[in-house]
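Labels A, B and C are assigned to the chains in the order they are written; within every chain, residues are numbered from 1.
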Amino acid sequence: MAKLRGRGYASVNYPTGMNLGGDPSQALIHSTTTGTFVVSLSSVDLGQGIKTIAAQCAAETLGLPYGNIIVDTADTDTGPHCMGTFASRGTHRVGNAVIMAAAEAREVMLEVAAEELEVDAADLETDGTGFIQVRGADEKRIHITDLALAAHFEHGRTISGRGIFLKEKNEPVPETGEMDPDSCQAHACTVAVVEVDDETGVVEVLELHNAYEMGRALNPAMAAQQVEGGAWMGMSHALFEATEPYYPARDHGPRDFSEYLMPTAADIPVQRSVILERPAANGPFGAKGIGEMTANAPIPAIGNAIFDACGVRLDSMPFTPEKVLRGLDELRGLDELGDASERAHAPATGHERP
Amino acid sequence: MITAVRVPDSVAAAATYAAAGGRVMGGGTIVMAQVNSGSLAETELISLRKAGVSGIRVDGRVVRIGAATTFADIERSPELAFLHAAMRTIASPPIRNLATVGGNLFVPQPYGDFAVCLLALGATVEIAGPGGPRRAPVEDVLTAGVAQGEFVTAVALSLPAAGTWFHHKAMRRKLNSAAIVAVAAVVDTADGVVTSARIALGGVAPRPVRAVSAERLLTGRPLEHDVLNEAGRAARADIAPFDDAYASAWYRRRVLPVHLRRALLG
Amino acid sequence: MGSQIVSLVVNDQRREFIARPGTSLLSALRESLGLMAAKRGCGQGTCGTCTVLVDDRPVMSCLVAVETIEGASVRTLEGVARGGELDEVQSAFVDGFATQCGFCTAGMIMSAEALLERDPDPSREDVVEAISGNVCRCTGYASIVAAILDAARRRRDAASSGGDAPAVPAGSEAADGAGVR
């Protein structure tokens, strides 16, 4: 009985956003009377963190603290249009729209501040803690709360802005098929280290090493979460999940989470993730999308690691203990019950590809 | 549709309800799941939670466990320390705080891990019902169930001597999975050879089974790698494996010898 | 027989409600008592999103017939924060990004609370076993395990320093700015 260790890797390029008939998202931003900025979106945060990203983009563009931002995604009936949060489009489309809206709001903010401080708007800067101040003479400044009150009750100005990002519809060139379907591409590579129990075919994933090039990690902690949460999902697809375990027969389709098994915290590998940044020219602060791609590369990486460990090449998921064991039995020339058979022996190492 | 939920405070009261056709419920992990999915026919539920059939009593080497005793209760009982590792292979803590010893006798494999342990231990089942109280060997209850209106009130087992209890459950993932192959065994040795063996298998037949072919082969022989491989192969005659969402019948038959060997070699 | 009045002590408050036969504790919490933290994920006791504490023990509330626990103490996520301040487990989840969609979070936290009440210094294996009934689809579990171990440490530090550690007020942001409303 042996535990066979193996290593494998796989890489993936993944598009940010989609084509459709044009792919837009809009954002509206306005200041309240006390200098909180509300970003209105119809983009749904289902836990991926688009509200955090939107707030960061708004805060960065306005030059105000993150705590000054409220992101409101309350009502897709009445809010500014968003195609949705999928296709790894959220950060890119919504981020760009928010930046545009915040940039317009910032201009108004500086105009009003210029009137209040009796200077040129061009001489003003934000200090990032909530003050708008004269460059080089920062004792001459006004806090955003006072500014917002003044804008509402003295100047009659709305400190607000509108933004949209549209990836325009693109038709393929009929003669060549050439087209421009996405805004940019993120890239990733996963290296998997597995251990195969050569008596049972059970595969344990020991390590996953992930490298992701994502343009700009606007929130590195959240990005790492997506990478590693997605990697878990990939491992789950690779080793466990099937709605038709006896495909193409539909027998014994799992009915609940006691039959549709996914790895628990007891089954997870050690993960190490590295973020690389090559900013995309058209991304918000250079960011690309990574929402969907994070389950992809781990799957073939695990498949390749299994092959490296024991010579069994599997190309259909899930890579169950039965599939691995059947593969091992064939390589070892064993019969249906795991006993030595009269079959011609397979190559000794089993590592040669067919 | 549930017409009433009875929570009787005695076995006699529970028996009255059971005689009237109600469905007896231990921890609810099976019955309430059916209620929630709407798959239970119209009936009354009879909970044993407060019927005075919980608790673990030790009398010398005999342990009597009330039918409504939960798996968590067993995990917390120092007298049943030999069973703790086996209990922790069953489901998860929030289930083990509900699931009962009695209920586990009536679930089909590959569930019913505690029943496999009881079969290896040669446990006796105490039953209440319209005909009065009776006792039965656990294998009878596992094969034939109990009569209409009857329900289990306790199980009794003898504590195995130190070093004679073996348990190994091959699962689809490390925690919280039903059995692919489960092995529970009480095996006595003297001078390095087996003098007696009771080996129960789970996950490899609709109900827990005794691996009598393996028991026969092992008697008088040492617990060694090759002997156990042979015994495991022999045990294939004792099983009737099925396909399910966890593993196929082929796989269970194929790896049975591996897991029997791993169970008994420790 | 039909419906009956059931009385429970929920988050230290005595609550009474009328239960139709077959009502689970989960249904009673959500539909009769307005406590929505416990979630209905499967109705089979296999996902853990309904985990609450009954007499200090974690259970799948979707599998508990309410009449069978008459008079018991029930604790839900709504009862965890102390005087409006997040406790150590909640704070550790916020600080450690141990939640994404949040659907598993209530059940995870209740499993964690039960563990830490029983064992203030759990090992990683203890934590993994405690949450083995709680399915998470988003995080891959590593941040959840880390948060629970972190919470245990925070609670031990607070206890050994002789008082409550400063808690994070409910609704405020964590240092990394994760607090967008």
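Heads up, the rule we're going with is that a contact is a pair of C-beta atoms (placed from the backbone, for glycine too) under 8 Å apart; a residue touches a chain by one contact, two chains touch by 3 or more.
Molecules present, by chain and UniProt name: A = Xanthine dehydrogenase family protein molybdopterin-binding subunit; B = FAD binding domain-containing protein; C = (2Fe-2S)-binding protein.
Values in this document were obtained by computation on a predicted structure and should not be read as measured data.
Ranking A-C and A-B by contacting C-beta pairs places A-C first. With centres computed from CA atoms alone, C is the chain lying nearest the middle of all the protein shown.
Using the mean of the Cα atoms as each chain's centre, the chain most removed from subunit B is A.
If you average the Cα atoms of subunit B and of subunit C ((2Fe-2S)-binding protein), the two centres end up 31 Å apart. Per-chain Cα centroids separate subunit A from subunit C ((2Fe-2S)-binding protein) by 28 Å.
Computed from the mean C-alpha positions, the centre of subunit A lies at a distance of 46 Å from the centre of subunit B. Residue positions 91, 175-176 of subunit B are each in touch with at least two other chains. Of all residues in subunit A, those that touch two or more other chains are 258, 264, 266. Residue positions of subunit C ((2Fe-2S)-binding protein) touching 2 or more other chains, listed in rising order: 44, 128-129, 132.
In the complex of the two chains, the subunit A residues touching subunit C ((2Fe-2S)-binding protein) come out as 46-49, 51-52, 54-56, 66-67, 69-71, 219, 221-222, 225, 228-233, 256-258, 262, 264-266, 268, 271. Residues of subunit C ((2Fe-2S)-binding protein) that touch subunit A in their complex: 41-42, 44, 46-47, 97, 99-102, 127-129, 131-132, 135, 137-145, 173, 176-181. Interface residues of subunit A facing subunit B in the complex, by the touch rule stated above, are 1, 199-200, 240, 245-246, 251-255, 258-261, 263-264, 266-267, 321-322, 325, 336-338. Partner subunit A is touched in their complex by these residues of subunit B: 91, 170, 172-178, 233, 236, 243-248, 250-251, 253-255, 257-259.
The residues of subunit C ((2Fe-2S)-binding protein) lying in touch with subunit B in their complex are 1-2, 21-22, 24, 43-45, 48, 51, 54, 57-60, 62-65, 67-70, 111, 114, 128-130, 132-134.
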